[in-house]
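Structures incoming, each one as structure tokens.
In the two complexes that follow, subunit A is the common piece, with subunit B as its partner first and subunit C second.
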Partner chain A sequence: MYHPTVARLTYRALLGRRRAFIMFGLPALLLALSIVVRALVGADDEVANNILGGFAVATMVPLIGVIAGTGAIGPEIDDSSIVYLLAKPVPRHTIILTKLIVAVGVTMAFSAVPTLLAGYILNANSQQLAVAYAIAAAIASVAYAALFLLLGTITKHAVVIGLIYALVWESLFGSLVAGARTLSVQQWALAIGERLGKGGYILSDVALPTAVVLLVAVTLAATWFAGRRLRALTLAGEE
Partner chain B sequence: MTTITIDRVSRWFGNVVAVNDVTMTIGPGITGLLGPNGAGKSTLINMMAGFLAPSGGAVTLDGQTIWRNQDVYRTIGLVPEREAMYDFLTGWDFVLANAELHGLSDPGAAAKKAMATVEMEYAQSRKVSTYSKGMRQRVKMASALVHEPSVLLLDEPFNGMDPRQRMHLMDLLRQMGEDGRTVLFSSHILEEVEQLAAHIEVIVAGRHAASGDFRKIRRLMTDRPHRYLVRSSDDRQLAAALIADASTAGIQLDFTEKALSVQAVDFNRFTELLPRVARDAGIRLYTVSPSDESLESVFSYLVAS
Partner chain C sequence: MTQPDTTTGTPPQLTKNIPAQGATDVIHDIGYRHYDGPRLGRAYARRSLYVQSLRGAYGLGRSARSKILPMILFGLMNIVALILDAVAIYAGTMTELPIDYTDYAFYMTPVLYLYIGSQAPQSVSRDLRFRTIPLYFSRPINQADYVSAKYAALTTAMFVFTATPLVLLYLGALLAKFDFADNTTGFLQALVSVAILSALFSAVGLLLAALTPRRGFGVAAVIAVLFVSQGAVSVVQGICFHQDKADAIGWVGLGSPTTLVDNIQSAFLGATPITPEGVEPSTAAGVASLAVCALIIAGCCALLLRRYRKAGL
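Right, the complex of A and B next:
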């Protein structure tokens, strides 16, 4: 179910590429912003909620998810170096699960952990906001990584499509069309954050049971389908 | 002893037929897959390597279907044509990772042996991204050999190699063929196949154009004239005797070579005729050699027809 060599290759590919800059840059931006805001405004629950909800969970988590999820497999398929991974007697679902674990780990490390830190910087976890948003970010990391990993096995344009989903669908559409929010990883994760946070700051449009079912279903379905894609991966010749 | 069987295999991409009803058996020893660029060689190798499903027919390894069967990779070693590897790794890390992925009991020792086989130890701690094309090719080779497979598939392995590296790889493949492994390599360059493969399979425009020893293939093409260089104790008398038979189309006395240049139209009849005529006339034959039995002429004939 987990292959350490696949994990090592994936992890080194993820952090060795240029896209790794974005993964370091976004959390750095969040922390810098939090320090500045805290210094200027002081500890304020309302402000903390806006930054953690509006930037950390709404923008940073899906962006890191896109980069880690698609990056865990997309570039290898693009340049067909995945041949070296696939020409081995390793079960395909082991490859996908390992890559998913690495992508989830990287997404959590670069999104949930900075979210928690930012929360403590902003208002010292007042109203449980830091913990609630960090857990929401961690849960969203799993679903995003699975979704974008699948996307990476389907299309060469996984990053673009992932960005469109993360930015246009979740951020823009979600704020304009109520229905779109029901089909949003961010809202599902926020449903859990809503339960954990205090003071009624964190709000989700989706009921908790629905959110949990959808999170689990999307993660499992995406992972299963990605394994299927990999099993029948076709490499056309250069002719 | 491992055999890849390709049974009535076709593969099409949309309206384009890349491989058209090909049947062949690749057994132990070295087989050259020869054909011009775009003939369908890579498509065929991708199907043998399990990276492409045949649209029709079956590709099997000792009776096991190859497509969607990851267990075949215990037996198959693949050297892809594409350059892309895990460039951010060192050569050593790359080969070691391949050994680990095969689940070998001692991946370190296997990687070491494979690196030594391709003589890349001197650069194994450099990153793959710094390698020349020939070095990459050798590390790819090491990654394919690391589990000592009984089948080795190589797609255009000599591309981008300098003559010395080419010789080295040829020696290596010869050794593997002598060990009883099934080695298949594709090439569009005739000299390569000629130098290395005892057995060739020719693919032209997706079709299986010929199969067998390349001299034998030549002989099958009886309608094609064969040229021979003949030296004897009396060239002029021999020429006169040969031209009388219908199997000979033309004879030239080549004064610079001090030999006869004979054009034969019926291969079998000519090979019987020549020694008989010489014996009857009391002429000693010093040299009889085919003068255009190069793969080049076989190939150009096949492509033209």
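Right, the complex of A and C next:
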């Protein structure tokens, strides 16, 4: 179910050349922000919560998820070099699963790890905030990567649609309509963070069991459907 | 048209058009008729590029599929304005619009980001990717013409995008018979503000989009820069507010394009800031914002020119 060559190619497509700049830029900004804030304000749980919740989990994780998730397959479909990969005797579900594993790994490395570091810089993991947010970010990474990988196989405008979900749905509607929050990867992941963090700083609108079920269901369904899409893709390309 | 006289090697009408001494610099003349009509020149080519790019920013003159996204976003901008109008007109108890003109664009920032993020790359990335840039420069236009036409087109498109809902709001306010002077002032102030916003966002968006030939990647880069910088600035402003350092809020606003425009319109155009609790930036911070804004636009244009000096050649 894991193909090393596909993994290597995907990894290079994601982090090759200039692409890595955005990937490194976002975590670097988070860490810089944390250092500045810590120097100006000192250790403060409220402030740490604002930055980790408002910036790291709400902004950085979905953006990196969009870039890594769609970037793992989108460009290949776009310039139709995917045909050479599909011509090889590798099951389509294996291709998707491998690409998903790489996308999840990259998203986690560039979002969960910096979140943990930022948490330690901001308040030295007081109230378990750093660990809770890092785990929430890691879990969100899996769901985001699966979701945006699926988008990459469905449409050429995957980046735009992914960003519409991340910006308009999670940020804009999420702040206006309470119902939109129950259907948001961010809130599901925060439900797990809520359980781990102390002091009642992390809040989620979704109950923990619902969140876990939805996370697992969305990830599995998106992965399966992406594999299914890839099986149909060749026919559509040759027509 | 007469057949060229193959026995002598020179077609009759060419001997008429080309002076005798000019014939020496013809490398390869296979006898086609020359064009001696009027040539429309650089200005015409630049204007055509401008019009074509402006139409392209709304998907006009392109496939139906590329109309979907800009039209949906444009519709979204206007529908919210129409809803606010409807509320104002039919509620009957109101004396002013439920939203300030200057605030409107800032409530819709995600939509603005998506529009500039999707349309800036479509304007320049495809030319780079399909290597059509050398074809442009084989015409009378030069790099400066190309950059200025693309920039002017995107700024105009963005201005239309942000000003149309304001016009709708204004018409709604007039229909509801709200105070004419108040509304006209607010409307004109907001027009100036969205003009600055359009010029700034287009410069940043166009530069980032021109850096990569991949459309998807350009989209992500533009939105990441606009959205993340605003997110970071808001977080720091929130912290400044809670730490009772309200003076710093305006200065922190220099850190992102959105808050820059917010600073400018709060300082000079009578707007309510989007900062926490609506803390006003000082006049100094407003002047600095204006300067930084001008610097960013000039810098982006200079970098764009540099980018196209070598692009695709």
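The rule is simple: the second predicted complex is superposed on the first by the 230 of 239 C-alpha atoms of A that agree within 3 Å, B and C clash if a C-alpha of one lies under 4 Å from a C-alpha of the other, contacts with A are read in each partner's own complex, and residues count from 1 in each chain.
Here, a residue touches a chain if its C-beta (ideal position, glycine included) is under 8 Å from a C-beta of that chain, and two chains touch if they have at least 3 such contacts.
Owing to the predicted nature of the structure, the values given are computational and were not obtained by experimental measurement.
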Touched partner set for A:G179, first subunit B, second subunit C, both or neither: neither
First, second, both or neither for A:P209, with subunit B first and subunit C second: neither
First, second, both or neither for A:K88, with subunit B first and subunit C second: first
Subunit B versus subunit C as contact partner of A:R12, first or second or both or neither: first
First (subunit B), second (subunit C), both or neither touched by A:G200: neither
Overlap of subunit C and subunit B interfaces on subunit A (superposed complexes): none
Of all residues in subunit B, those that touch subunit A in their complex: 13, 18, 37-43, 45-46, 49-53, 68, 70-71, 73-74, 76, 78, 80-82, 84-86, 88-89, 94, 97-98, 100-103, 143, 155
Complex interface listing, subunit C residues touching subunit A: 69, 110-111, 113-114, 117-118, 211-212, 214, 216-217, 219-221, 223-224, 227-228, 231-232, 234-236, 238-239, 242-243
Footprint of subunit B on subunit A - complex, ascending: 3-6, 8-9, 12-13, 16-17, 79-81, 83-92, 231-239
Subunit A residues within the subunit C interface of the complex: 18-19, 22, 25-26, 29, 33, 36-37, 40-41, 46-47, 50-51, 54-55, 58-60, 63, 66-67, 70-71, 74-75, 78, 157-160, 163-164, 167-168, 171-172
